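Quick one: the structure is below, and I'll ask about it shortly.
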Amino acid sequence: MTKVGIIGGTGYAGGELARILCTHPDVEISAMTSRQNAGAKVSDVHPYLRGYVDISFTERISDTDDLDLVFVATPHGVAMKEVPALLERGIKAIDLSGDYRIHDVDVYKKWYGHEHTDAENLQRAVYGLPEFFRDEIRGADLVANPGCYATSIILACAPLLKSGLVEEDVIVDAKSGTSGAGMVPTTRTHHSTCGESIIPYSVGNHRHTPEVEMAVDRFAGSCMRVTFVPQLVPIVRGILSSCYFNLRRDATQEEVDTIYVSQYGGERFVHYVSEPSIRAVAGSNHAQVASRVVGGKVVAFGVVDNLVKGAAGQAVQCMNLMLGLKETTGMDTPGLGV
Amino acid sequence: MTKVGIIGGTGYAGGELARILCTHPDVEISAMTSRQNAGAKVSDVHPYLRGYVDISFTERISDTDDLDLVFVATPHGVAMKEVPALLERGIKAIDLSGDYRIHDVDVYKKWYGHEHTDAENLQRAVYGLPEFFRDEIRGADLVANPGCYATSIILACAPLLKSGLVEEDVIVDAKSGTSGAGMVPTTRTHHSTCGESIIPYSVGNHRHTPEVEMAVDRFAGSCMRVTFVPQLVPIVRGILSSCYFNLRRDATQEEVDTIYVSQYGGERFVHYVSEPSIRAVAGSNHAQVASRVVGGKVVAFGVVDNLVKGAAGQAVQCMNLMLGLKETTGMDTPGLGV
Amino acid sequence: MTKVGIIGGTGYAGGELARILCTHPDVEISAMTSRQNAGAKVSDVHPYLRGYVDISFTERISDTDDLDLVFVATPHGVAMKEVPALLERGIKAIDLSGDYRIHDVDVYKKWYGHEHTDAENLQRAVYGLPEFFRDEIRGADLVANPGCYATSIILACAPLLKSGLVEEDVIVDAKSGTSGAGMVPTTRTHHSTCGESIIPYSVGNHRHTPEVEMAVDRFAGSCMRVTFVPQLVPIVRGILSSCYFNLRRDATQEEVDTIYVSQYGGERFVHYVSEPSIRAVAGSNHAQVASRVVGGKVVAFGVVDNLVKGAAGQAVQCMNLMLGLKETTGMDTPGLGV
Amino acid sequence: MTKVGIIGGTGYAGGELARILCTHPDVEISAMTSRQNAGAKVSDVHPYLRGYVDISFTERISDTDDLDLVFVATPHGVAMKEVPALLERGIKAIDLSGDYRIHDVDVYKKWYGHEHTDAENLQRAVYGLPEFFRDEIRGADLVANPGCYATSIILACAPLLKSGLVEEDVIVDAKSGTSGAGMVPTTRTHHSTCGESIIPYSVGNHRHTPEVEMAVDRFAGSCMRVTFVPQLVPIVRGILSSCYFNLRRDATQEEVDTIYVSQYGGERFVHYVSEPSIRAVAGSNHAQVASRVVGGKVVAFGVVDNLVKGAAGQAVQCMNLMLGLKETTGMDTPGLGV
């Protein structure tokens, strides 16, 4: 059994990692940290893990822990302080925060508001989207796990961009469930505020904007411009991103379908469908992509469970690759459907 | 125009009072206080009041304000410090908190955890449930506005208790929308916590328990024992309280129907119906009551919008009585229905 | 009292009309029709109207009814059969369906799938958006009440289009609550289907597309191209339409703000705000518009309660104008806020 | 691989059975029937099963199908026509409908409204609640899978009843998500009806009433009287049943805790907890039970995902026992938590 640890085990991403890993056949959760809950049993903090995770939270990963890989599921700014020591000890790391997603330290500072203190490792970090960077992830010792919005957007947009069929200027109107905002209660995620509402926020200045632009540049050789408008909707799990492109030339629905089918036909977790559905992927690592040609435009939809394919599930998918396991190990289950 | 003030104008009850009062034909909102938002325009804090309330929040009710009546919509423990001065100045007061609901200071201390500092005025406070204490409210200068749960429960239970048909031991299984918990974000009202859940809380120790027992004692001459289990459900506005009684003797549905019809047949805001519906009362001061005889038991349902008939609307209903106005003035509108 | 009738009183729009009209000071609901519920008391079908509407549904508007104005709240295709007779009898009509919105019978046939049988009156129908066609509505005897989506979109887009600042090619990503789909249960509006989901539908072929294009042409002299993607979200009331434009030239947020403020500064029901909120308008005839300049684009948000400003409320606003009443009569109340 | 079939594969229970069975290590889904969708691929009707279930729906189970066990997931009244032939062919059967739950044909007729046509097999049907009838299930060839409400109620009530500590007269106030009502759209499950509401229905006459009474009688030797009030709440998955008992004598919380811990301490899927949570069990076969002593009463809470432990999951648990497999095979995963 490979031993893994989770730094930041109290939050939603940390709990979700444990939920997936606890039934993984080749991996054992040896350590989970939490400043807030150090000393407490993990299953007292996350009661759904009772019977599945028997360890207690520790303040920090111990220096003597014999770990092969650590997930860092902390707020932005923490991972860059934890990762260098892990790598030095030969422990592979997957960071679920934004710390290692943006390779340019100036861009990082502009969007995150503080200096990046680990520029060195930033360069070796691989962007953890297996459907596009599978080989790099296999050989990586540091993976920057994509953001939840970014995952849904890139999966929807990348095939079109690679095809050259569309202009490199996309409008992304994204809708997210509230779990994407994390476990800390805020006015915006207060049920009475968001329960019968749809709330645009961070319009034009959300941090997933440069992430998407940079990721797309890498594999599409293009320089995509993203106008990103996230909106909170009153569901718990799920993202639907609607992405609008201008076609460079007339194109039929069939042409566009072919592009997506050739991209995702062989993927286990990404499905090109006619009617995108959050419930079809909820609770699972599956994603759905759909598209519709409308006049001289095409709208592409990307759907994920923000906590699974949009966070913990994708991280485990990367882990499987980094450990030389079959990519789907421990998470090859369908979405809830209903 | 009668001049009224609102102490505690930032919270949901304060905002709802302003929403109702701003179109009231005989009353003018002359002052609204808020420690947190003093100096800010009321309509900047409550944007739905734009065009309806033009004043700004003040830190306190000024000594020179020429007010006829003040609503106190603050957390428990504050009203008892504000009310004595108001009454001394000849200003009538309606307290929406729990400070003046429990006449016994020992019971108060037991359930609220601190001493009552205004025992004197406690005795003159009238319980503001017009359907049962209409005459007392008309003559009162201090009204204790009932709690939201308490309103739904008493309306459902009182006719049965008065009839002598049921045992004085009721089980109340109540379900409330999240706005009943107020505007301060908490883990329980965090959308990801409550959004797809039903959460029992304060089982057997909620403060509306003694309130209901005491209120019922007053008009039913009975000594009701209440087992009260509140539960949070993922809706914004609305309470449904299901109240279970043992019948003292066999009774038909028709007998029970007659009891309710004779109690509420002449009421404008309380309706005895066959199918209780939260949507039918949402946004309005209306309440619904229903009942069903099942074996040797009867279940009585009470439905209110917790912010209107369960709080601000009922307070305005009391105000109308205290000012000698028609009881329904300024709030005689149907529920949303959908 | 002016006597009005409602054809199609069972549905959500019909019920909502009655909800608003029943407290209107200058109008009396003299007749409501329903094929399905003919003979039943209106308040038995719509229990929230108990105490407010005392008539029963009839099969048809009687030939002897002395009505001044009739609302037609039926599915598409019915109004065109009812309106000619009404107008002949000198009864003004407001149609809430799509029958009289599209002036070109060929466009009508293309989008609605059947011939228009009242081409004659089609030409005299005025588009019932008071903020843009106030004078025409005042003199009209036939008003085509705008669609719910169309209202939210036009209010958001029109000022920008009139200003000439933006290209005449807009992407509209709209989100609607389920009441917009009407009262007939369907798979899509089944709670288990839509309750934790966001569902795109009628992508690129929704009937409000030509309606918006045509309406805008009339007052902007422009020929707007609309890419319209409606999406169902799990709320009951409310629409948020996010409308994306390319700027023709660089523009500041302040410039854009000025455009909206000069358009809506004098309006009672339309508000230009910084943070659009469905709850602020819920239950009321108010609408909110907001905008954000992002790079070379501008996103404009339009928010309405789909049943009020998006349907029945707007119809009553038109009625007030047609009857020579103050435009806000009977509906000048704030949104719920919470 | 053991070959199993599903009769009634279109509905929620049928789809959920396939969702669980498709990753079961020892079982293969060889046939799924659907009158409505015969000929269609299962994964076209249930898109979340794409990649997991590759067969198509057939009209009926073929006479030549070599099946070991069949699940019957049809509406009430169908299973009694299907089961005799299955048993004759030596195929074990698990019926998820109510057809084989009530052993008394007169009671069946009274509550279900029609004659029972398979009285013979009714007697051999074992009630499929493994935590109480494990041994009988192991030896059974016909299992009546419990209802979703019944499961939540019996798990909460049985230990107390067996202990003799409580009176045999329980009030059950149950709240269910909408998926419990099945996939057919109705007015009650229309989102605009139930989306911001709590709806009592079938008060005192729901069919799970005799089921609970009978089940409890079998193992508690008692004759429980159940007053059952189900209520629909706007969540998709999940039931919380609140069960109220009178204590026969004073008892402490600790005494009651001990009763539950000794009952469920060794169970994999039933957990005695302090704070019951639907989210902790959502998507999984786990159940939670909690209790609180309040005055002379005790309230017991039972929580399940109505589609898993309340239907398909429990059926698979029974299947595992009937096939001699480890009871938890293929479904030993935690709930979603968030």
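When the chains are written out, they are named A, B, C and D in that same order, and each has its own residue count from 1.
Everything below uses one rule, namely that contacts are C-beta pairs under 8 Å (C-beta built on N, C-alpha and C of every residue); 3 or more make two chains touch, one makes a residue touch a chain.
Nothing here was measured: the structure is a model prediction, and the numbers come from that model.
> Taking each chain's centre as the mean of its CA atoms, which one is most distant from chain A?
Farthest from chain A by mean C-alpha position: B.
> Could you quickly compare A-C and A-B and let me know which has more C-beta contacts?
The greater number of contacts lies at A-C.
> Distance-wise, how many Å sit between the C-alpha centres of chain B and chain C, to the nearest whole number?
Chain centroid spacing, chain B to chain C, equals 35 Å.
> Taking each chain's centre as its mean C-alpha position, how far apart are chain A and chain B in Å?
46
> Taking the mean of the C-alpha atoms as each chain's centre, how many Å separate chain A from chain C?
40
> Among the residues of chain D, which are close enough to touch at least two other chains?
12, 177, 179, 192, 195-196, 234-237, 277, 279, 338
> What residues on chain A touch chain C, complex-wise?
Residues of chain A touching chain C: 171, 173, 175, 177, 192-193, 195-200, 203-204, 225, 227, 229, 231, 233-238, 240, 242, 244, 276-279, 282, 290, 292-295, 297, 299, 301, 338.
> Touching residues of chain C toward chain B in the complex: what are they?
My answer: residues 12, 15-16, 19, 22-23, 46-52, 179, 196, 236-237, 268, 271, 273, 275, 277, 279-281, 283-284, 286, 307, 332-338.
> In the complex formed with chain C, which residues of chain D make contact?
Interface residues on the chain D side: 12, 177-179, 181, 183, 185-187, 189-192, 194-196, 234-236.
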